[in-house]
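Note that chain A is present in both complexes that follow, paired respectively with chain B and with chain C.
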Partner chain A sequence: MNSDLRSELHKKAEQAWPDLELLIGWQAGYDDLHTTPVFIRDSAEISKLIWNPWCTQNLAVYVAKHFAASSGKDDKKIGVCVKGCDSRSLIALLQENLVARERFYIIGMPCKGIVDLRKLHALSGAARILSVQVNAEQVALKSAAGVLHFPLDEVLMRKCRRCRYPNPLIHDVLVGDPLTPRTDAHEAYNDVAAIERLSLQERLAFWQGELDRCLRCYACRNACPLCVCQDRCIAETRDPKWLTQYMHLPEKFMFHFIHALHLAGRCTECGECERVCPMEIPVALIKEALNKITLELLDFEAGLDPQRVPPLLTFDAGETGI
Partner chain B sequence: MTQSHDNPAHKQALTIVGFLCNWCSYGGADTAGVCRFKQPTDLRIIRVPCTGRMDPLFIARSLILGADGVLVSGCHPKDCHYAVGNLYARRRLEVLKRMLPFMGIDGDRFRYTWVSASEGQRWQQVVTEFSEQIRSLGPNPGVTGKSAAAATA
Partner chain C sequence: MDTAIKFIAFDQLNSALDRISEQLDVWVPVASKDQKRVIQFAPYRPGMTLVLDHQTTLGPKQVVLPQVEALFRFDYRKSADEPSRQKVQLEDPHPPAPTLIFGARPCDVKGFLVLDQVFSAGPFVDGIYAARREQTLFATMVCGQQDSACFCSSVGSGPTDRTGSDLWITPIAAGYVVEALSDRAHPVMAWLQEAATELHVAAAGKVQEEAARQQVGNLAVDQCQQHFLQRFADTNYWQEVAGQCLSCGICTFVCPTCYCFSITDEMKDKHGERIRSWDSCMFFTYTLEASGHNPRPSRLERYRNRVGHKFSYFPEKYQGLIACCGCGRCIRNCPVSIDIRKAVQNLQGQNHACS
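Then we have the complex of A and B:
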C-alpha cells in the first residue's frame, strides 16, 4: 500500500515539476525509523521522496524562510508536501500574510497517523531496533530478540490519536484517498481536561516537575512553524531583556509562557514542539489549553480558513462578557 | 517583606502591581487621591500609555516572580483614548486570565477592569476590593521550586 502511494507521489511530483523551483518533501533517513526533510532542486532527485508513517517532520516550518528567500523567477513555485496537521500550519501562515498562496504548490498527503518513536522504543524494550515494517494496521518490529507486532494505533503520536484533520485542508493535488477523522472536537481536548481536573496546587506541582527538566535549548521554538521571529525572539534578545541565563524555574516558566502566549490563537497543534523536546516535556499541552480557551471564548481554531484573522490580532467592539 | 504597621490587618505587606492607562485609570486614581478617598497602600502603580500596550507577559512575569496580585485598569471599552487599544487588550487579558490556572497560578490574583478619569469613587472601590481579595489569598508562592532555591543559594 505504501509503495503504491509512493509511486503516486513520484508521479504527481513529476507532473508538477515544470512549474517548480524547489520541492520540499521527506526522504529516508539513516535507518528505517527515521526520515529527514529533502529539498529537491533537480528532477532526478524526485525518486528520493518517500511517504510512510515515519514522515514526522512538519515541512511548513521551512515554508516562510524559503518564501522570503525565493526569487519567484519565471513564476516558478515552491512545492511542499503536507499532512493534514501541516496543512493547518500553512493556512495559519496564510492567515497572517506571511506567505502568498499563489507561490506554492501543495501536495497533500491524507495521513493515518505518525509513529511515536519513543512509544515504540518503550513498548519494544529492545536496546536496538533492527528494522520495522508497517502493514495496514500493524507494525512489525524486528530486534535482536525477534519480531514483535503492535497495532498501529498503540504507537501513534499523541497528536495523531486526537487528530481531527487527517486530510490536508489546503492542497493542489492529493496523494491517496481522503480519510475519516479519528476524533471529534469533543474528545480532542481530553488531555487538557485531565489536567484541569487537578487542584491548583497539583497543577503547579505538575508543571514545576515537568518544566524543571527544561534545558532552554529552544528546540520547541525552532521546530515551530509559527515561531516566525526566530532571529529576534525575545527569549534571546538583550533589549528587551526578558530572560536571564539563570537555569531556575521562574526563567523556565517564563520561556514557556513566552512561547505559548505568542501562539495563543495561532497554534495549529502540529505537535512538533513536543516531539523535538529532548527532555520529553509535554509542552504542546500548554498550547492546547490556550487553543481550548480561544475556541470557547472567541470561537476560533487556527489554520482552518485562510480568510479569517487570528482573534488576538483583531478585535470586536460589539463583543460582551469580557 | 514584613513591615510593622499599627493596624494588625496590615502586618504583612502585599505586593500588588497595578498597570494603569495614562488617560483614564491613572487619572481616576489621581481623582481618588485628590478627593482624599481612603485606599489600601499595597498597590504599586505602573503607568502605561494604554492597556493596548499591555503584553500579557508583563502579568505572567509579575506572578511568576512572586507578586501577590496584578491589577490592570484602563478606559472603558469604546472610550479608549486611542479608540481601540482596550478592545485588543480585553481579548488578550481574558485569554491570559483563563490560562493562568492551567499552569497552576491562581487566576484570582489577576484582575482587569475599566475605570475612567472621573470615577475616583469607583477606583477606591476597585482597589479596596482587589486588595482584600489578595489578602484573603495570602502571599503568592510563585513558581519557585528546588532549582530556584539552589540558584539563589
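Then we have the complex of A and C:
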C-alpha cells in the first residue's frame, strides 16, 4: 500500500518542484524502523522521499525555527510534508503570525497512525528486532526469538490512538485519500481524565516519580514546533537566573511546567515532546491537561482554523468562559 | 587458575550482591519503576531486580562523573576580629567510597578510558575524578545484544573487549561465570562463594567465542582525523549530515565519552556550593561568550564540533585514541535519527561545491 502512496508523493513533489526552492520530507534512516528528515534542494533527490507508518517526526518544527525569517528567491516556496497532527502545528504558527502562509507549499499526508518503536521493543523483549512488516492493519515483527503478529493498532503511538485529525487541515496538495477520524474530543482526553481521577497526593507522587528521571536535555523543548523562544529559554538564562544547575526536582518541575504553560492554548498535541524523551516521561500529558481546560472553558483547540485568534493572544472583556 | 573462576546461579545473584554491597558501594542496571524500558545504573539495594540483557539507556558515566557534583562548599561568616568583614570558609566534598559497577558493557568501560585521558592521566589531574576512579571497580559483562546502532568493533573495542575491566562476567544458561581480570578484583572474588565447574567454564568459553565472532559495525576510522580537517569548511557537507539537528542535548547526555561540563556557584543566603554539571556542546549557550558573540551560532557548527572532537581533535591530542566507544546511544536516542557513523564515514571524499 505504501509504495503506491510513495509514488504519488514523488509525482506530486515533481509537479510542485518548479515553484519550490526547498522541500522538507522524510527519508530512510539508519535502519528500517527509523526515518530522518530530509531537506531536498535538487529535484533529483525527490526519489529519497518516503511515506510510511515510521514517518514520525513533525517537520513543522523546522518551519518557524529554521526558515521563518528566510525570504525566497524569485518567489519560490518551501515545501513541507505534514501529517494531520503536524498540519495543526503549522496552523498554530500561522495563527500567531510566526510564519507566512505564502512562503510554504504544504503537502498533506492523510495518516493512519505512526508506529511507536517503544511498543515494538516491549513486544520483542530482549530479542533483537530483525524486521517489521506492516500490511494493512497487521504487523509482523521478526526478531531473533521468532515472528510475532499483532494488530497495527496495538503498536501505534498514544497520540495516534487518540487522533481526531488524521487528515491535514491545511494543504496545497493531498497524497492519498482522506481518512475517518478514530476518536472525538470527548474520548481524546481519557488519558488526562485518568490522571485527574487520582487524589492530589497521588498525582504529585506520579509526577515526582516521572519527572525525577528528567536529564534536562531539553529535547522536549527543541522538538516542539511551537517552542519558539529558541535560544532565550528560561531554563538556561543566567541573568536573571531562574534555575540552578542542580538536578533537583524543583528545577525539573519548574522547567516542565513553564514549558507547558507557555503552550497553554497553543499545543497541537503532535506528541513530539513525549516521543523524543530518552527517559520516556509522558510530558505530553501535562499539555493535554491544559488543552482539555482550554477546550472546556474557551471552546478552543489550537491549530484548527488559521483565521481564529488564540484566546491567550487576545483580550475580550465579554469573555464568558472564565 | 581455573579454581579462581566463580559462578553465580541466577537465583543467587541477589544474595551475592547483598554480600558484596556490605563491603562496597555497588551500582547495578535497573529498570525505572514506571517505564520499564528506561534502564539506568542505580545504587544496589537488597531485593532489586537487575536488567542484564539490555544495554542501559544511560551508561554508568554518572558513577564517576556525576551529572551534578559539588567541587566544594562555601560559607561566608563574619570575622570575629573585624565584624565589618566576612571570611569565606571552604569545605571539601566527602572522599569517595570503594565502588563496584556491576553489569556494565565493554562499550561503557571504554567510555571511562576516554574520560581518564582528560581527567586523570595527566599532565593535569582532576583530583575529584581521579579519587573516585581509583576507587571504582568494573564487573563487566560480555555483550550479546548488539542492535543496528551499535558499532563498538569499529572504534577499537568489541563485545568481548576486557580492557579496563576488573571482573569479567559471562552469562550462561544457568547463571553467570565470573573471572578476575585484575588484582583489585580478588577481594570481590573471595566474597563469591560458589566456584565454577568445568562445565560452567566450558559453556562460558562458547558464549565468549560466539560474541568474539561478532564484528559490530563497519565504520572505517582510518585517517578520519585528517579527513575531518579537510571537510571542516564544507558547509554543504554538514548541512547534509546534520541539517535536521534540533540542537537538544540527548546525544551528549547519553554519551559515555562526552565530558564537557559547566561550573556554577549555587548560593542561598551566605552558603553555597561550587558545582560541576554536565554541559552539552549542542546547546547555544555552550560557547556563548560574555560579549554576546557565539563562535558556534548554529546547530551545524555545533554538530561539526561534536564529530570533530571525537574523531579528530581528541585523537590528535591523545595518541590516536578515538573519543567514541561505539555504543550507539546517540544514534538510537536522536529524535531525528542523525547517524554519527554516516557523518564520519563520508568525511573522506569529494568536497561539495561551495555555494
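Just a few scattered comments:
Criterion: the second predicted complex is superposed on the first by the 315 of 322 C-alpha atoms of A that agree within 3 Å, B and C clash if a C-alpha of one lies under 4 Å from a C-alpha of the other, contacts with A are read in each partner's own complex, and residues count from 1 in each chain.
Heads up, the rule we're going with is that a contact is a pair of C-beta atoms (placed from the backbone, for glycine too) under 8 Å apart; a residue touches a chain by one contact, two chains touch by 3 or more.
Only a predicted model underlies this, so the values are computations on that prediction, with no experimental measurement involved.
In this superposed model built on chain A, chain B and chain C occupy separate space and fit side by side. With both structures placed on the common chain, the touch criterion links A:M247 to chain B and to chain C.
Of the two partner chains, chain B is the only one that A:Q208 touches; chain C does not reach it. Of the two partner chains, neither chain B nor chain C is touched by A:L22.
Legend: residue contacts after superposition of the two complexes on their common chain; A:P278 is shown touching chain C, with no touch to chain B. Residue contacts after overlaying the shared chain place A:T36 against chain C, while chain B stays out of touching range. Put simply, the nearest alpha carbons of chain B and chain C end up 9 Å apart when the two models share chain A.
Within chain A, the residues touching chain B in one complex and chain C in the other are 246-247. Chain A meets chain B in the complex at residues 192, 195-196, 200-208, 212, 242, 246-250, 253-254, 257-258, 260-261, 264-265, 286, 289-290, 293-294, 297-298, 311-312, 314-317, 322.
For chain B in complex with chain A, the residues that touch the partner chain are 56-57, 60-61, 64-65, 77-78, 84, 87-88, 90-92, 94-96, 98-99, 101-106, 141-148, 150-152.
Residues of chain A touching chain C in their complex: 29-31, 34-39, 57, 61-62, 118, 121-122, 126, 128-129, 209-210, 213, 215-219, 221-223, 230-231, 236, 238, 244-247, 272, 275-276, 278-281.
Residues of chain C touching chain A in their complex: 32-38, 40, 53-54, 57-58, 67-68, 145-149, 239, 243-244, 246-250, 253-254, 262, 264, 266, 275, 277, 280, 283-285, 331, 333, 335-339, 341-342.
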